[in-house]
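A, B and C are the chain letters, set down in written order, and residue numbers restart from 1 in every chain.
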Amino acid sequence: LGPPPFTSDKIYASATPPGVVMGLAWTAMGGSTLYIEAAAVERGEGKGSLRTTGQLGDVMKESAAIAHTYARRVLQARGDAAFFEQSALHVHVPAGATPKDGPSAGCAIATALLSLALARPVRPDLAMTGEVTLTGKVLPIGGVKEKTLAAKRSGVRHILFPEGNRRDWEELAEDVRAGLEVHFVEEYQQVFDLALPEEGSA
Amino acid sequence: LGPPPFTSDKIYASATPPGVVMGLAWTAMGGSTLYIEAAAVERGEGKGSLRTTGQLGDVMKESAAIAHTYARRVLQARGDAAFFEQSALHVHVPAGATPKDGPSAGCAIATALLSLALARPVRPDLAMTGEVTLTGKVLPIGGVKEKTLAAKRSGVRHILFPEGNRRDWEELAEDVRAGLEVHFVEEYQQVFDLALPEEGSA
Amino acid sequence: LGPPPFTSDKIYASATPPGVVMGLAWTAMGGSTLYIEAAAVERGEGKGSLRTTGQLGDVMKESAAIAHTYARRVLQARGDAAFFEQSALHVHVPAGATPKDGPSAGCAIATALLSLALARPVRPDLAMTGEVTLTGKVLPIGGVKEKTLAAKRSGVRHILFPEGNRRDWEELAEDVRAGLEVHFVEEYQQVFDLALPEEGSA
């Protein structure tokens, strides 16, 4: 009760458990990291559903619905139609009192859901941002500079941006980009390959 | 999070997968292409439903409901009553943070749903605009000039307009129309024949 | 009818029954203790649900949903998947006419639900505050000084704060902290170990 004194920066010291992804947010106050947390509530015939919390605005709620439909398709293509059909899922974005909105966490939400479904943690030291469409296209986002600075402050080494933001990145000053390895993606499959590599692969 | 810096122009490089159609929008800012993406969420007895995302206004949500009912009728006439009865469907219109409204994507939404149902991609290099009624009549739309310019910018060769917009088209300057092949339609069946031709036919 | 003449301080004389936890609130009027009361409404196949009362704002309602999902996970990890799946639960925060909001009762709500599920009363003389995330991370809260004073007024000996509030605590005057034993936690499991110790353990 009372206003939240802190953002959700640094909730997870280093590696994250399955279901958790580090995203990047951009507000009037600048950029910040944020975490997407996905959890399974229960499982059973016909229980497939998604609940969201974290004071998400309308666009971000829709973004979660799109990520849910798309992640289901990805898993179906891998031969598992049952997980999303039978799982009541819950996605939360701490901190709980901070209003959040926008479509740019789409890739991160899809990744959180797939990380949970596959029980496979996301590659450490990776932060991502990008809107995802219902067929897995990755659309550009705003706040490239602010998000880059936030990623650096949080200490990650890899940052994932939409291909459509390549020019924004290239226009950043050399010292802003220093120390970060950037990955540009056009299709969600590239996000998957980077964030949730198959066991035994790089 | 933060305002969307780009429209959804050019999400799909050339051909689109089944379920995706290029439409044309008209706003205070001018015309633009937009994509309608349809995906199947799950299938089962009594699961027939439609969910929409993409910050659609009331008119466009109704337009999707009309397209859904009408596409079901088209498929039933082809002997398949099961697909829409048993499929939970999701239609999204990127980009997710851009509010959209109006009835003019009706033909495109119906086509996206039928393309998905038939697992047949829409003819490449085609953009369409037109309101559809519950029985398949195609009604005229606004912004013919702006939509024509947007179609040209996007590089498509074929553009589909309602018959009721023929005069608007004919009043366009010659250089605006140059390079585009226009198709006027009165009935949705004509849209279907152009966008989703039977295999083995033109 | 009319404004509530009393806060909920001192509803429970000393020990609390299973399902009840003492939390700490912070308002424009200063700090106060508050109780989280959890009760089982009914039990049966597919009846798992959570209802909240107590004039809770949107953030606090979400906080209860998060606590519910997380407490379910804690109990599942202990081998009991049935309780939350089959129990219609009700969480109330007296007094009923006082509006309450914010995420800082998260740990207390999760603890109330787990105390109820395990039929085990919470350790007496303990008041707690802290936001909980969907994976059990404990996030810092506001109003450390006001909550500390409220805890002292209520006569508890132990107070539980998020690790992220350690500095706030250390900046309190010596006489404010006197008489209280403080516990800082980063993970909900530490809350559980303090509040609901295994029988036979400390």
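One rule holds for everything that comes next: contacts are C-beta pairs under 8 Å (C-beta built on N, C-alpha and C of every residue); 3 or more make two chains touch, one makes a residue touch a chain.
From a predicted model like this one, the values you see are computed outputs, not experimental measurements.
Contact topology of the protein chains: linear, an open path with no closing contact. Subunit B and subunit C carry the same sequence, and matching their CA atoms takes a turn of 115 degrees, rounded to a multiple of 5. Inter-chain spacing, taken between the CA centroids of subunit A and subunit C, is 30 Å.
Centre-to-centre separation between subunit B and subunit C, using Cα means, comes to 52 Å.
Residues of subunit C touching subunit A in their complex: 25-27, 48, 58-60, 62-63, 65-66, 69-70, 72-73, 84-85, 100-106, 131, 133-135, 137, 139-143, 164.
Across the interface of their complex, subunit A is touched by residues 1-6, 8, 11-12, 17, 19-20, 35, 37-39, 41-42, 51, 53-55, 90-92, 94-97 of subunit B.
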